[in-house]
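What follows is a pair of complexes built around chain A, which joins chain B in one and chain C in the other.
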Partner chain A sequence: MLKVNDKELNFTGSIKELLDYLKLNQSSCAVLVNGEIIKRKDWEKYLLKNDDYVEIVSFVGGG
Partner chain B sequence: MFTIGGKTLKSRLFVGTGKLPDYTLISKMYYEAKVEVFTVAVRRIGLNTKHEKSVLEFIPKEAVIMVNTSGATNYKEAIKIAQIGRELTSSDWVKVEIEKDTKYLFPDNYETLKACEILVKEGFKVFPYIYPDLTIAKELEQIGVTAVMPLAAPIGTNKGIGCEVLLKPIIAEVEIPVIIDAGIGRPSHAAQAMELGADAVLINTAIATAKDPLVMALAFSKAVEAGRLAYEIGLLKEYEYAQASSPLDDFIKG
Partner chain C sequence: MNSFNLMLKNYFDDNLLQKLSRVKVLIIGCGGLGSHIAWMLIRCGVQNLKIVDFDRVELKNLNRQGYFLAQVGLPKVLALKDILTQINPGANIAITVEKIDDKNVEKIIMSYDVIVEAVDDEATKALIFEAAMKLNKKVVAASGVAGFGDCERIKIKRGRNFVIVGDFSTSVKDKKPYAPKVTAVAAIQADEVLRMVVEDE
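Our next item is the complex of A and B:
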């Protein structure tokens, strides 16, 4: 089980595959795994492991 | 024109994009109210909601993006948000905002100083949002932040310059730019900040929640310009008693 933005998700594969699966706009998001930022260029080769804590973030209006 | 963080800007009005009813207002503010600096925040994506465009797609390419670390409660979280911001925007301007209390949203100057020390070393242009404290402002200047951003009043309160006696020494004593941030609710408050000698103001709620944010941005833009002009030419001193403006002799004897 992965934890993605606090939701449990049964998924195996790379970060890129996870984002495809979630149908996210990849140009505007950043990904952290277990608190570490994973650079975009590494998304394809970075394989997610069981129990990884994934956070997907984007920009919103803010002061 | 003034130079800050390696950019030469015409406008001393910085605008926060939180609470905007419509992100297309951002380019209108850029082109019509001549706002050049916009702040944005980082949040987790809701996985089940329909994905709307990111606010970044609405900011004109020529504008300057300042990433706000709001939501951070300690220096480590702030640093992470700053790094995410640079990764996604390629802008190295970061507003360091760290709060532990949600009632007043007062910045935590201690955590802010720690975050700034690291972010300056990592090459960011650092703009700390601070409680108006001269000691901390000077320490921040020492470690190399780009500007300090003391608050006028708690975020979103529209109360205006609530602590002039604390802001004035900061403006007088630090060499780096001072940007008055938070709590400014009316154009007259912004003009007052500029008359005091602030280098810029950052406005969010007062513009974003106005009936027409673009019109309010225009009003703020004029106020900021007016206050700055008056500061540059020098404000006059106050007198206790009337000083006649018409000559006091050669009156008509009726």
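Our next item is the complex of A and C:
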């Protein structure tokens, strides 16, 4: 079980696969795992573990 | 010490003034957010500020951005520096005309303590956030500033070394940006910079 933005989620796979599963626009996302930022070039190879706390920050345009 | 910096002694103790004079703040993007965040931070005693933007002031910006008709056509960083210097002539304001991408982002961020993300494009926001976090900087970002009449939806999301301000949903693709809400988010971002500077030991 993962925690993704404070909600529990039964998921195994990489960060990339998680973002695909959640159907998020990946170019506007940043991802923290257990408080550490994971750069997008590592999303494909970074495998999420049980109890990982994943925080997905999804930006919308305007500034 | 100039009269502006002397005046600040009415508002902050020496310890805090010293922190404010030492911190190096970088604002990326000088539009509706950055143009307002900059003057607020200068008024609060930030002495070392770098502003980055690749754009020029356009008439269509003036519904919300902190520029004047006579400045239309000028690079935003030049127009903004002129305004900031009129507020505190003693502040050290550096400018760069550059568009941020994945090749230059780390180099631009490297030598600053607090990074204020104030750009328009969502992918660039994510890029700046990611790079600044990776370099262990303090990051103050914004997400969701468009529309009006719903400022109660503005949230402050704080984490270790970062804060994101906005309603997190209303993009400029959905609604147009207006002065009140954009400036409200800008004001909260500036306030969060102050908090981070105070808390930094």
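Couple of notes before you dig in:
Methods note: the second predicted complex is superposed on the first by the 59 of 63 C-alpha atoms of A that agree within 3 Å, B and C clash if a C-alpha of one lies under 4 Å from a C-alpha of the other, contacts with A are read in each partner's own complex, and residues count from 1 in each chain.
Please note the rule applied: a residue touches a chain if its C-beta (ideal position, glycine included) is under 8 Å from a C-beta of that chain, and two chains touch if they have at least 3 such contacts.
Model, not experiment: these values are computed from the prediction.
Measured by the number of chain A residues touched, the leading partner among chain B and chain C is B. In the superposition on chain A, contact of A:V33 is made with neither chain B nor chain C. When the two structures are aligned on the shared chain, A:L22 is found in touch with chain B, with no touch to chain C. In the superposition on chain A, A:K7 contacts chain B only, with no contact to chain C. Touch criterion met: A:I56 reaches chain B, while chain C stays clear of it. Shared interface residues of chain A (contacting chain B in one complex, chain C in the other): 25, 28-30, 32, 35, 37, 39-40, 55, 57-63. Listing the residues of chain B that touch chain A in their complex gives 16-20, 23, 39-47, 51, 53-57, 67-68, 70, 80, 83-84, 87-89, 155, 182, 202, 204-205, 208. Note for the complex: chain C touches chain A at residues 29, 31-34, 117-123, 125-126, 129-130, 133-134, 141-146, 159-160, 164, 166, 168-173, 177, 182. If you check the complex, the residues on chain A that touch chain C are 25, 27-30, 32, 35, 37, 39-40, 55, 57-63. Residue ranges of chain A in contact with chain B, taken from their complex: 4-5, 7, 22-25, 28-30, 32, 35, 37, 39-40, 55-63.
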